[in-house]
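The data blocks that follow each hold one structure.
Each of the two complexes below includes subunit A, the first together with subunit B, the second together with subunit C.
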Partner chain A sequence: MPPEGGIRTRGRALNASQSNTADGNLFWFVVPALILMGLIFLVPLGYVFYYSLLVDGRFSTDGFVTLLTSGLFYRVFITTFEISFLSTAVSVFLGYAVALHLSRLEPRRRIIYMGMVMLPFWTSILVKSYSFTLILGRRGIINSVLTYLFGDAARLELIYNRIGVVIGMTNYLIPFVVFPVLANLLAQDRNLRTAAEIMGARPLRIFMSITLPLSIPGIVAGALMCLVLSFGFFITPAILGGRRDVMLSNLIDLYTRETLNWNLAAATGVSLLLITALLMAVLSRLPGTRNAFT
Partner chain B sequence: MHSRSAISVKPSRWLPGWLQAAFVPTWAWVAYGLMVVPCILVIPMSFAGEDQLVFPPRQFSLDLYRKFFGSVVWMEALKQSVVVASGTAVLATCIGVSAAYGFVRGRFFGRSVIGFLLFSPMLVPAVVLALGVYLYFARLGLTSTTLGIVFAHTVLTLPFVVVTSSSGMRQIDVNVELAATMMGASRFVILTRVVLPQVWPSVLASALLAFLISFDEAVLTWFIAGAGTATLPVVMFSSLKSEVSPIIAAAATLLMTTTMLLSLIIALLTKRASDE
Partner chain C sequence: MTTKKEIGLIGRRQFTAGLGAAALALPFYARSSAAQDARILLPTYGGSYQEHLEEAFTRPFTKETGIEVVFSGVPDLARLKAQVASGRPEWDVFEAAGSWFPTGSEEGLFEPLDTSVIDSEVIRGKGDYALFYQYIACICWNEDFHSADQVPRTWKDFWDVEKFPGRRTLRNRADMTLEIALVADGVEPDKLYPLDIDRAFDSLERIKPSIAKWASTASELTTLLSTNEVDFGINYTGRVKGAQASGTPLQVALDQVVVANDYIAVVKGTPRREAAMKFVEFVLRADRQAEFANLDTDIPSNPTAVGMMTDEARGWLPADVNSPVHIRQDDLWWAGRTEELQQRFLTFLMN
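== the complex of A and B ==
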């Protein structure tokens, strides 16, 4: 296999040997994709903006005014923030431990352990949500063990509430913390730790003043990615949450299917899109995060 | 690691001995458990029979599978899932491989903007796209049609197809294509007769990936599928929202086995592609 650089040089040689029109011909290979993206991606997004400003057949921003003054939207908005930040915090905490554990394994064993991180990546969110109803339910595995050990009083309400949603979302989000943090930990200069050790620093001190501070860019990248993803969660809160755990996505579904208010559905969609875009913009400005995800 | 110095005789410890020995692994294993257990639990549960809420299962039975394959609703959903995922795989691979070739070899105006556009479905929350497609298809009369679902899934899978197939194309020798050009072959002939025979493992991998993502997709399909066109994930979602029927365990195991099998094949194909 020739190195990447070689291909690129030869690619340039190919371009130079041909006229611009021959090169321009390649544009036509992208056209079918462009047509599809235009018709089934850009136009639908346009429809969301269009409907968010369409009240009873005329152009108006009333939809957004209704949303901002509605108690329901306000509650759902706060709920979405709470659930997202809570899930992100728990995911960072657990994901960091996994990354730390993986970074200290030898490469051969690390690949095997990485399989456990990739598994939730490849498993349908519905399969996992169903499993959580079996694990966390009133007669689920955890409660069976608890009541067997401590009697009926030990039963915990773990599902159809905030706890269930956060557990379900954490399961999904942990890998998104592990990847950037692991990349960061593996890139850290070992000599810094060795130097600190020679100077007599205790292992905890080394962790607190070298490893942890250096890994902050990885943590921030992972946490922002988790936030972006969790704002759009739909399946998990619908299955594992209760009536008070409705998130923005579920509100859109409610407006679309139950109350048939397409204007409010679209206005909520635009709000969700803007929040996500804002977080994405912050994420893409961070130094060194591009490598972690692309 | 190339930065390792000669001074580092013993591996440096990050935490006090007892903490390192117990704390971090315990903490990590909680996370491993949280990731892995929900993914594999459905397998033993699907063989437990009706009394599925007892763990570990007391008996081995194929009752749930018998019920799954005997149920019209579930079988229709399974059939629909296979039809939609196959259609998506074919359409997304044709469009995506062509786009990947244009991107890898072409240098045209607006290339980076178009590239960003192709990847933007990954950045937009699924529900927002689902709502847009729902409103748009309602206007076109494409709601709850199989064709509409295939189109929507193709948009969703296109970024993955482009990435997977172009990674294969970057590794082949451009001089072979140059030779074909000099002998008068058109770009289309070069793609189908020169490039594809060389990169077929990554093209097959991207087709399977498209099948896989479509087979698993729930949010978009939930918005645009109707009673007759619901896929397996949609039927699972609606039955999980109402009553939790034990048959879901069998459906989930089938969904999971398909996913695992396909992702294993994809991993082997992409590994083969990068080894060559």
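== the complex of A and C ==
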């Protein structure tokens, strides 16, 4: 996960400028991790870049030219971004509410509730996606209740379309919002809220003027994580989506496994990586988000 | 006494060096023992399919030759290509369905088959892979929701949404789907190739509004039909048999089926080439093929085996498999065209 690495490096760089000596001593503790990351992450990544510029054993940018002139690539690219941004927005909205609730609980109860947030994490994404077909389907739990109460006309199309994709992906992404936002909310100084209360502010005003603005770094950190994960989504859109919900990962899968065109697969992967990196660079420099990475 | 002294003399550094040397030597040790043809590896799809392979092929093979057969991973042409490129393939035998084999043959991923032990009738490509068996895709429905007299039985019927209203499913891949679309549009199944691609996509355009889900995996088909997400859909007889065994009343129409191919090959550069070749010869024997077909509802590639199948197993085959009403998948035609046509297919789906 490149952005995570990026976040860490930036954090480290900032610390280093603050306390050079302490960091210098600690550097050697990071070396094994760096070597491991280099071997299992950078080397394969280097191969992907290499393959993206290798056509029939020769250096060539044909792979990228093919992609940029392909209507399909463009369509899939737009779809990937639409799905990713939509899922991220829904996840941030719902995840924030959960985090806010968790932050107001007494610590012992919070632990239990955090476990429940983590629960979807421990289930295979394939199993979860299939489970959703049983919940959201035409004869699933939701539609059975609706048609029992209101007749056949009340049946909702919750699956094999964009709604199904967003539900499935949000279910996976929410923990990635809850934890950074929760950490932020718990770190906020209670005295600020107390002071506002004493000055006569109502809860909504306190939230809008103090809690929410202060939590923006947490929101941005969670949202970026969601976005990056979404760009690589694969199984959930394939199982819960409709015919239009084709992701870039599905294209990469086609070129890698079905047609053995590793040049095009690598070129697609590199394009996705570069665009993601660019997007992260832009988003992380938006005003008010600077503290998201420290 | 000297030994004791020596042990005592081994310092920490020497010990570490020894450990390092042992670690370095380990892969060579593992390699030399594996090279003894004592066991071969092949990938498989797992589940009941793997059980059928074990019962009909691998266990009897081990009993006859003493060579152990180990299943490892899922068939994947990209992984195979990477293994062959590394010069030390993990798999010795490769077995899977469809146009992977012409493609793999082009890429040089398979060893030439030994024609002295393998019947040339089943050998395909550059003589480097063999037809293992043929499997059947057909129209399927759920008896809980439809009785047998209200369902489409041919692909033309399947396209007739007025006579047979209902939601449908097809696979989200071009191969097989284009063939079906052409036959639904009136092309004779025995005059399909070369496929009239434009006509196939025009035909698909007509059925598109009735396809509730273009299934990305084979197992989705059974789920969609079991839960009545769709009324009718394509499915594979092997999967339907499995669903019936677990109590889901799926039924199939064998009036007009698609006969598709599954192949087997020996992986290029395997150090256990001889054992792998023996295994390929073994699985193509008539008695083994018949036993497998009895378990898995397939058409054996060895014609002698068809006569040795049980009546129950033959019930899963169309009355006349060779009848011109059935679609016979031509993987050779697809090799080299998959990328272009699958991209066009995805574009069609997204429009």
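Keep in mind that, in the parts below, the second predicted complex is superposed on the first by the 223 of 294 C-alpha atoms of A that agree within 3 Å, B and C clash if a C-alpha of one lies under 4 Å from a C-alpha of the other, contacts with A are read in each partner's own complex, and residues count from 1 in each chain.
Convention: a residue touches a chain if its C-beta (ideal position, glycine included) is under 8 Å from a C-beta of that chain, and two chains touch if they have at least 3 such contacts.
Everything quoted here is computed from the prediction, not taken from an experiment.
**Q** On the A-aligned overlay, A:A154 touches which partner chain: subunit B = first, subunit C = second, or both, or neither?
**A** The answer is neither, since A:A154 touches no partner chain.
**Q** After the superposition on A, what does A:V76 contact: first (subunit B), second (subunit C), both or neither?
**A** second
**Q** Classify the contacts of A:I111 with the two partner chains as first (subunit B alone), second (subunit C alone), both, or neither.
**A** In the superposition, A:I111 contacts neither subunit B nor subunit C.
**Q** So, A:N261: does it touch subunit B (first), subunit C (second), both, or neither?
**A** A:N261 contacts subunit C only, not subunit B.
**Q** Looking at A:L274 after the superposition, I want to know if it touches subunit B, subunit C, both of them or none. Which is it: first, second, both, neither?
**A** Neither partner.
**Q** Have a look at where A:F29 lands relative to subunit B and subunit C in the superposition and call it first, second, both or neither.
**A** The first partner, subunit B, only.
**Q** Classify the contacts of A:R243 with the two partner chains as first (subunit B alone), second (subunit C alone), both, or neither.
**A** Once the two structures are laid over each other on A, A:R243 reaches subunit C alone.
**Q** Residues of subunit A touched: more by subunit B or subunit C?
**A** Subunit A has more residues touched by B than by the other partner.
**Q** Name the contact category of A:L134: first (subunit B only), second (subunit C only), both, or neither.
**A** So A:L134 meets both subunit B and subunit C here.
**Q** Just to be sure I follow: which residues of subunit A are touched by subunit B in one complex and then by subunit C in the other one?
**A** Touching subunit B in the first complex and subunit C in the second, residues 130, 133-134, 137, 139-140, 238-239, 256, 262 of subunit A appear in both lists.
**Q** Contact residues on subunit B for subunit A in the complex?
**A** Of all residues in subunit B, those touching subunit A are 1, 3-5, 7-8, 11-17, 19-20, 24-25, 27-28, 30-32, 34-42, 45, 52-55, 94-96, 98-99, 101-103, 105-109, 114, 117-118, 120-121, 123-129, 131-136, 139, 151-152, 154-155, 158, 162, 170-171, 173-175, 177-178, 181, 187, 191, 216, 218-219, 222-223, 233, 236-237, 240-241, 244, 248-249, 252, 255-256, 259-260, 263, 276.
**Q** Any idea which subunit A residues touch subunit C in the complex?
**A** 70-72, 75-76, 79, 130, 133-134, 137-140, 159-160, 238-239, 242-244, 246, 251, 254-262
**Q** Touching subunit A in the complex: which residues of subunit C?
**A** Answer in residue numbers: 76-78, 81, 103, 107, 172, 208, 211-214, 216-217, 220, 223, 227-229, 338-339, 342-343, 346-347, 349-350.
**Q** Where on subunit A does subunit B make contact in their complex?
**A** Within the complex, subunit A contacts subunit B at residues 1-2, 4, 7, 10-11, 14-15, 17-18, 22-30, 32-34, 36-37, 40-48, 51, 94-95, 97-98, 100-101, 104, 113, 116-117, 119-120, 122-135, 137, 139-141, 144, 167, 170-171, 174-175, 186, 189-191, 193-194, 197-198, 202-204, 206-207, 211, 231-232, 234-235, 238-239, 248-249, 252-253, 256, 262, 265-266, 269, 272-273, 276, 280.
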